[in-house]
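The data blocks that follow each hold one structure.
Paired with subunit B in one complex and with subunit C in the other, subunit A is shared by the two complexes that follow.
For the complex of A and B:
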């Protein structure tokens, strides 16, 4: 080093940032952003400029979050014995069930109708227009009708989730059918596949990317539709909990619930992502 | 297949039983409606392919070769004339006819072995058995060691061989190929031609090849049917009396060059007619 030092050592030291791999730099920027947000948030909370708990200290939010997921305040009977669990899980269970049911009904309907529209020019000519009109409409406007049809319980929430997720799934499925290479269909015909084999052996596997994309978009809007419906009129579910915290002005609890919801949504998306790769 | 009448097993026929053609294309006529008026794609073409024979149909672009291919494969109806295999009239895709397409046609979501086993899977063969059979055909096209790969991991020539193995696995009486090597470079094409010759001889596979490539046609065929440009008629049938077994080395021989020149002589006229037609149509569209 001593002999050659004046040639090699000098320029490396000052520019650590430029020498860092891109990934590392992105990570540092993210951390900085997070720290910045937390600092501003805490400053506003401590300043007392805003009314009471509108911006609560993150410490309070954290305590509330801890309570929500650990404090047993709800009694369930499991196989004759009574156990106490945090009530949040019951509500999460209700919402998850609603979304899952909505995804099953809306997703399957969307897939089947999308396949029909994609393979049949007559049907698509007659009906596809309407789907494009209805697709971007905010589905919450149908909620009063759904309440009349399916009651104020989970039924109307499932209905909201179902009509929300139906549209992205049906439109991606119809588009996916048309993207299937025509030669693959000719191969299927030359091997004399029947309609069912055509769908299961050629169309569905070839459409996999569009289907997964549709399910992903559908899951997102199904969660939105269901939660939105819960915040409007219900007595259970995560949406109900959030709006309930809001009406009792328990802001730390509301923020904590929103954060929990965030994590659940990220987890669900990651699950779909994993399924698409596997 | 069980219903196929035994046309070739007539008593008293003796040694000439094999002289019954396996594929008969009788007076096919097909016309398409286009915005510029009706176009006759195939104009009363007839041909016969003998068992074990390799017949090529060659013609310029736009002469209706692919239409003929689709008609013979049963993918196109609404035509005049008759196609029959071993005496049985073909309506729609037929189990005795295996098709290999010009385009990339492997299933990208299936491994090589599952691609090749596809027709066996459709036939309801159990997994172990169909994989066993598929291996045989993978070996035949020279892709051993690639069974578990996906098509995306293979080259274009290898993928086309997967398609070939898949069609062969259905054990068709007649193999129909529509410019299967059109997308490949010349060297790969010649080497794959060797492979095709070898497989065809080994299986005694009756084959009909649609092509626009002269070298390919002469390299592979027993007979070549030269088609005219619109309307697509039979211009000439040339018998290729080159010795078998053949390999791509024959490409340099005098006899080979003689055949190529002879066919090109017929083809040149048609191809230049097609070229002029195409140019004038383009000019009109620009106006």
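For the complex of A and C:
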């Protein structure tokens, strides 16, 4: 006999959110956050709470970004033929060149001195303290000296990048040498390796994580040092483009440039990070 | 015997380092006097040493020092309150943490100080721009270290708290926060150092404020000994700041 008179509760609606796999929930939350940020941005842009154009619509920023990376407004001569490219790439090329030169000089100097300090306790006791304390000083204050020494051209920017990246690399390298397992060093000695072979066959391969970590930190500060120098005194480079947008109050362009710059910097950092894991 | 070994191992290298530094200074002085180094590019070290008193008196260095210190303290205070609060919030809301932790780490690697022209437009050429720049660029490490400190609290401590039937608030203030404090301070210290670096940097770049502006002004006047002396002074301030915060960190983390 069928039971009557009882209201059986309808089966509870499955909680879709709770049942969703964690990864998908994280993805949806990220999307929601991004939508929220865009909505708040657009609301502030449309509200008139701030001076006009201080917070431009993201659409305007997007358009500016598109123009920066696609609008051909600079003539380049390649193999006798003339081609037009967006001027941004010329400036990006200049900054990349300055940062790469700075990383080469500062990174190599940091590596060599780090190896010396790491392998020699006396030298480490004598000089590492100075490097350790000089590391966190604001390097941009050296810019007036760099201008006097290397001029107003790219040389002073390279010098700024070099002194910025030198400290993290040298300290990481020195710490890395001390972390090399003594058994590896003994193996090298038992094979009667000379100093050069010890460095290239034992120390450098064993120090790889420390070196990459130093390069990663060094790259970040070299980019900052070079770009800040460009914003202070330059007529080329991404830093110059940013400060030029400020001078002409072209806010959408400034936002677009900052976004591009952050994307490049974060991408470069992620690449070095991936290299360290690979 | 042990004290002699200590002297040889610890003190002699330090004395050697200082002696080398002094030798370099003397060598530069000699090279300038011999004309090997242009004195209009590198001034005499003796002249730089003599400029300290002049810039301290004429350029009102104490007031500038206080201004920079004040800006750094304001930024540090904001960093501590906002950074720790956000870190605690992310620790409490696991899903939000999973969604945003990599973003914060990415922001930490971005050259945020390059946003100073934007801050100039928003806040004007004022101390607020400098403070906000110091605050924003130093915030990510405080958040990340707070999160790390709270997450690495030993489970046994949390279980002890639960066995005493502590409320979530008591559990946080009596167990989680004290246990995470040393790691949180590492983040706050990193943040304070970043803030000081960026504050002096932005002062220099926008020619406004304390010590950073001093370097810029003296350089623009082509007062070479004064510029070098001001740079030495900024380095001295940074080093003292670094040593003090390092001592506090060691006090909080005796094992390190």
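Convention: the second predicted complex is superposed on the first by the 262 of 278 C-alpha atoms of A that agree within 3 Å, B and C clash if a C-alpha of one lies under 4 Å from a C-alpha of the other, contacts with A are read in each partner's own complex, and residues count from 1 in each chain.
Note that in this section a residue touches a chain if its C-beta (ideal position, glycine included) is under 8 Å from a C-beta of that chain, and two chains touch if they have at least 3 such contacts.
From a predicted model like this one, the values you see are computed outputs, not experimental measurements.
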{"item": "Fit or clash - subunit C, subunit B, common subunit A", "value": "fit"}
{"item": "Residue contacts with subunit A in the superposition, subunit B compared against subunit C", "value": "C"}
{"item": "Partner chain(s) touched by A:251 [first = subunit B, second = subunit C, both, neither]", "value": "second"}
{"item": "Touched partner set for A:148, first subunit B, second subunit C, both or neither", "value": "second"}
{"item": "Contacts of A:54 with subunit B and subunit C, given as first, second, both or neither", "value": "second"}
{"item": "Touched partner set for A:269, first subunit B, second subunit C, both or neither", "value": "second"}
{"item": "Contacts of A:261 with subunit B and subunit C, given as first, second, both or neither", "value": "second"}
{"item": "Which of subunit B and subunit C A:46 touches, first, second, both or neither", "value": "neither"}
{"item": "Contacts of A:223 with subunit B and subunit C, given as first, second, both or neither", "value": "second"}
{"item": "Least Cα gap, in Å, left between subunit B and subunit C after the two complexes are fitted on chain A", "value": "6"}
{"item": "Residues of subunit A at both interfaces, subunit B in one complex, subunit C in the other", "value": "none"}
{"item": "Interfacial residue positions of subunit A with respect to subunit B in the complex", "value": "181, 183-184, 186-187, 189-193, 197, 201-202, 205-206, 208"}
{"item": "Residue numbers on subunit B that touch subunit A, as the complex places them", "value": "73-75, 92-93, 95, 97-99, 101, 103-105, 107, 109-110, 118-119, 121-122, 170"}
{"item": "Residues on subunit C engaged by subunit A in the complex (per definition of touch)", "value": "9-10, 12-14, 16-17, 20-21, 41, 95-96, 98-100, 106, 109-111, 113-118, 120-122, 193, 196-198, 200-201, 204-205, 212, 215-216, 219, 224, 227-228, 230-231, 234-235, 238-239, 242-243"}
{"item": "Contacting residues of subunit A [partner subunit C, same complex]", "value": "22, 25-26, 29-30, 33, 50-51, 54, 121-127, 129-130, 133-134, 136-138, 140-145, 147-149, 220, 223-224, 227-228, 231-232, 239, 242-243, 245-246, 249, 251, 254-255, 258, 261-262, 265-266, 269-270"}
